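Each of the next two complexes has chain A plus one other chain: chain B in the first, chain C in the second.
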Partner chain A sequence: MNTFKNQNLRRYLWPCIGLLALLVINAIIAPEFFQIEFKDGRFYGSLIDVLNRAAPVALLAIGMSLVIATAGVDLSVGSIMAIAGAVSAYYITKGVDNLALIIGAGLIAGLIAGIANGFLVGYMSIQPIVATLILMVAGRGIAQLINEGQIVTFDHPGFAFLGTGSFLGLPFPVVLVIITFAIVQLLTRRTALGLYIEAVGANPSASHYMGLNAKAIKMSVYCVAALCAALAGMIAAADIRGSDANNAGLWLELDAILAVVIGGASLMGGRFSIFLAIIGALIIQTLTVTIILSGIPPKFNLLIKASAIILVLLLQSPLFQKQLAQLKFRKSSPTNNTSVNGNNKETKNA
Partner chain B sequence: MKGLFKTLTLAAAIGISATVNAITVGFAQVGSESGWRTSFSESVKAEAEKRGITLKFSDAQQKQENQIKAVRSFIAQRVDAILIAPVVETGWQPVLMEAKRARIPVVILDRNVSVTDHSLYLTRIAPDFEVEGQRAATWLTEKTQGKCSILELQGTVGSSAALGRMKGFNETIAKFPETKIVRSQTAEFTRAKGKEVLETMLKAEGGGKGICAIWAHNDEMALGAIQAVKEAGLKPGKDILIVSVDAVDDALKAIVAGEINVSVELSPHLGGPAFDVINEYRGGKKEFDKWIRMGGAVYTADNAAAELTKRGAK
Partner chain C sequence: MSPTPVLQLKGIHKIFPSVHALKGVNFSLRAGEIHALLGENGAGKSTLIKVMTGVYQRDDGDILLDGQPIFPKNTGDAQALGVSTVYQEVNLLPNLTVAQNIYLGREPRRFGLINWGKVNRDAQTLLKGYDLDIDVTLPLSSYSIAVQQLIAIARGVDMSAKVLILDEPTASLDTDEVQSLFRIMRDLRARGIGIVFVTHFLDQVYAVCDRITVLRSAQFVGEFETATLSRAELIGHMLGKELAALGEHKPQTNSECGDALLDAQGIGRNATLSPTDIQVCKGEVVGLAGLLGSGRTELCRLVFGVDKKHSGSVTFNGKAVNFNSPRDAITAGMGLCPEDRKHDGILGQLSIRENMILARQIKQGWWKFISRKEQEEIANHYVKELSIATSDIEKPIEQLSGGNQQKVILARWLAANPSLLILDEPTRGIDIGAHAEIIRLIRKLCDQGLALVVASSELEELVAFSSKVIVLRDRQKVAELEDGDINPQRIMQAIASN
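After this line comes the complex of A and B, so read on.
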């Protein structure tokens, strides 16, 4: 029991250390990074920006953690963002003024996409990467079709609030992430649903014999992922007061998967932590801000991002940690090698 | 039946030769992937109609094989000239040779073609990204008397538009030691990135104190930047000057609203000069510059409103 707790703590430790390290680097590069002012009824500062800009990826990551926990993956979330943004923009430009209707239309568009994914993966047993690839490609096309190939701009203060408003001094996208996090966390951890999701991912046949309806569970996680994506898409559209079908959410599915992986989840499924996935999203966004603040020429952006992420992932890898520990151990007392190896074997067997 | 067909063609031929200027031109366009591309197509069509030229228009849906097919069909139809707006640079040699053998002159619009034999086409008519950068910089240095700290939003790293505009701008401001770019980062030509990147830059520069201008490689990024400037509690266009390229409709509206100061037009009106070249060729001129540069007009508060009404009228 004690070791279990210990392991759990370690799981949370490394991503948080990674985030802290990045924040410290930022503070060194730009001392004003941690400055937060209260201006026009809202907090204002780089740290708040990181939270605000990480919101879309954090939302995607919430949905993606559930999907990945069932040993699936959803490549279509970026395209669903574009669709939801385009649908809401379409209704606004058609003169619909009712905010609930506009947001509802976006969410329904997302839900339809989620049902399509869930049907293909859950009921048709098509491999998730293939099934969602279909919508990843086609979805952007659908969004472009809705927008008729143009960037549709609109002026709707109520809808724009989704992206640029503030609530209790926090940017509204951040508030939406907190609400979504709370809902999904309650649903998965205060009911058996979380356990079911993990069971389907960890051992499909065992969970089948236990009487779990794997198809319905898969359908539900893809729907949740798509709804999160639709919300993220509307935030992105509201932020720029326009729907850009070509670029909205482009490649964000990869950032979302990365956030989940940085959060320590295995792509083989079986366990998830929504909180850690959000930390992962924050790490990615902090990194982006670090690069902008550092003033390094843009051509190095991707390289720096990749190196930093490799580092975070390595630090989390149990094998790497063990080898690191071994190295230290060897240096201090080279004669004790055998006992270390013995230990290794034991843990492997366990 | 055959006889009737022959008479008809003969009659048609006589009809054509009767009016000197009534030529047929084939136009192989890339597609309609952006607003700029659409206005480019519209401009060529309008120009052809104005001059009484019969235009055969082909939309290749961003595929080169469709473009090549279109050019072959133009050759088979024995058009008087062919305009190509290539989707990619390579792979044009064979079909251009077919056109040359059929003695049909070819004019390249916008993007370049890479061929070993440059006699395969008359000329290329394309915007000059460097000139756009220069014009933007010239406007800014005149406005600020050469004293300015600039935040730069670059286009997609490595794209020819970003490289060209950067080069032209930097060369021009190099003459003014007190005009310098303090921060530069890519925002990938998109509105969302423009806003996000600028937001961070402004905070890194103490909320924009001491920044006199933002130089964006396209209007989309500038439009995103405006929102970031507003949210930082500053007035775009007044507290911080906004300099941009493209002059799309949204940008002109922002100029009228006083939020963008200047936008250099990336001219989509390549049709007029192309038909001029074809006319000169038919008039006997055989040698042309291989690149006719289209430097865009500069739009500021003085002329943006007029241009908008002109575009609305079209």
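After this line comes the complex of A and C, so read on.
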């Protein structure tokens, strides 16, 4: 009985240990990392910065984890960020002042993109990687058209609050991540939707025999992913008070996929955990900070990041865990049966 | 004692974290014999085979090949030593050509490049030896499972096999295909190859095997000569008790059946099924008999709305219905356990609990979430009710044996509370013990007033519970047998008659 509870626990264990390990390293190389100040009604400190900087990727990862659970992938979320940012900037520069209208327009733009993806994947049965690649390329073009090829800057304190404001002492992007997490978690785990998504990912044919509408489920996860991306895009635009169609959200889809994978999800579909995807996003951001703090020349950043991620993924791999355990086993008792067999085998081969 | 066995396993133990899967099992295979490995699901057959082929490493005991101890680390290792395996689901590559599959990884080369001409010629010659005159340059997937299996055998034997392990090779073959497989097996036996044959069909054991090794609950029961072991004794060894007979035909009296629960008139679909009638009353079991491909599965799918019907009309529960998808059928109160459990039934990585409650949840709608507590109650109830062997309802279903998976799928539909349940080959690929249990269960459900449609290729099984048997041949209904006429001979005649 315990083994399966433990398995479940272990899923949560490794990503959390990874994050903790990084934080400990940070504390050792830069003790000031954990200093948090309370000033002008909000917290300041490296830890808060990590949360704030990780927010866009965390938002993308929330949506991406649902898409990946259906055995799909959404490469277009970075471009959807650019579109949503451009649409908001467009309305602000056209003199719209109503914050709800501006944000609503950004979200609707995202929703349309999500419907396009969901239609191609769910109803046209196009492979997700290809279907979303279309919008990944075209989306940035659409954003450039909206911006008419310029970087559009604006001044709208209400909208800027999305990126730079604070609520209950926390940066507002962090608050938005928490709210989004709560909503999606409620929708997927307090209704049967989460189970449906996992069922479609685990066995589409069996799901069909049980009357699940896989098309609609796929449509909805791509829509959620796109809505999350639109929100992230508006945060990014609000942060720099401008829309840069070329660079907003550039390559962030890859960080989002990575975050989900670090969180232990399989690209083959099935089980998902939004919480772990967010932990994954935090690991990526903490690692960036760790590298900066450690004083290693910036040119090593990408390689170190890649190595650390390989390590996290290896630690999660059941095969690697087994081999690690065997290694310990052999060292501790070289005369036992298994290792004798193993040795015999080796001599035989030699 | 007769000649040294080609493969000998002595006192094999295999211990998994949660279960002791083999407890000192012996197995001895002579060159030039067909040796059946029998046992219920969970008896340890698959584990033993995986130990032989290097998928698992034994925890104790010896494996001797030609008297020499071997320690296969993986299947490649075992194959190099001369132990080849052919699985029920052919483990070749469907997108490559037949010839490429046969010589994959050991292609004849000329000047360091693959000599494709020779690959194709050799493959053609090799397969001729198996009575297969086919175009080896076509993709493997263009041939039937039976042919693919023979190709897998040819590949295995050609790689200098001394020992050939056939793991339920006949599960998806029809009678003729089984016969030609047996011919090949006898041929290989004559060439001195030792064959391990795993199957659930006792007829086939008696048709082709020389000796039998029986396992029961991870233990070695004994090794027997087929010629001197009666069927009853064999079943006794496998179950550890004399099997209570499946029982005689018990006609379900359905005098109260005025209006049929399901009344389908002339439903058909182009190229799959000619227009067919089927009526099912409350508390009645209707059997669907016929050979593989006769239209049994197609009829089930049409009734359940998986495929759209091109003709005919359906009345269910007194209402005219027109199902466009399984969802419509489920909402109306039907359930269907599909034939291919692995592909269409189980959600492998999800837990037993989730697998069981899903159909009911879908019927209720996603917003009416079945609470965790209620889910656990449902799952525990059915684990007990159907005596599903598991320690934990949170275990992924893929870790259960075939029979227990089937019971979970049955529980899934029972939990959805249908008034008509369609079972397509509910006992395929599961062992005798579970088989008898499922048949008892079908009877019980029927007594409780559930209507069932059961498609099966086992006539005894159909006879044991059906109050009406519909016989299909060549995608059309050829006979409908009632109470007194239901016996294997009559069904057989109907299938065979022209």
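A few points about this structure:
The working rule: the second predicted complex is superposed on the first by the 333 of 350 C-alpha atoms of A that agree within 3 Å, B and C clash if a C-alpha of one lies under 4 Å from a C-alpha of the other, contacts with A are read in each partner's own complex, and residues count from 1 in each chain.
Following the convention adopted for this analysis, a contact is a pair of C-beta atoms (placed from the backbone, for glycine too) under 8 Å apart; a residue touches a chain by one contact, two chains touch by 3 or more.
This structure is a prediction, so every number in the text was calculated from the model and none was measured.
Of the two partner chains, neither chain B nor chain C is touched by A:154.
In the superposition on chain A, contact is made by A:295 with chain B only, not with chain C. By the touch criterion defined above, A:272 reaches neither chain B nor chain C.
Judged by the touch definition given at the top, the superposed model places A:205 against chain C, while chain B stays out of reach. By the document's definition of touching, of the two partners only chain C reaches A:195; chain B does not. Looking at the complex, you find that chain A touches chain C at residues 1, 3-5, 8, 190-193, 195-196, 198-199, 202-203, 205-213, 270-271, 337-338, 341-342, 344-345, 348.
Every residue of chain C that touches chain A in the complex is listed here, in rising order: 17-18, 57, 59-60, 69, 71, 73, 306, 325-331, 336, 338, 343-350, 354, 358-359, 361-363, 366-370, 391-392, 394-395, 412.
Taken in their complex, chain B has these residues touching chain A: 32-35, 38, 154, 157-158, 183-186, 188, 190-193, 195-197, 199-201, 203-204, 206, 220, 223-224, 227, 231-233, 250. Listed in rising order, the residues of chain A touching chain B in the complex are 30, 32, 39-40, 44-46, 49, 53, 149-151, 153, 164, 236, 239-242, 244, 247-248, 289, 291-293, 295, 297-299, 301.
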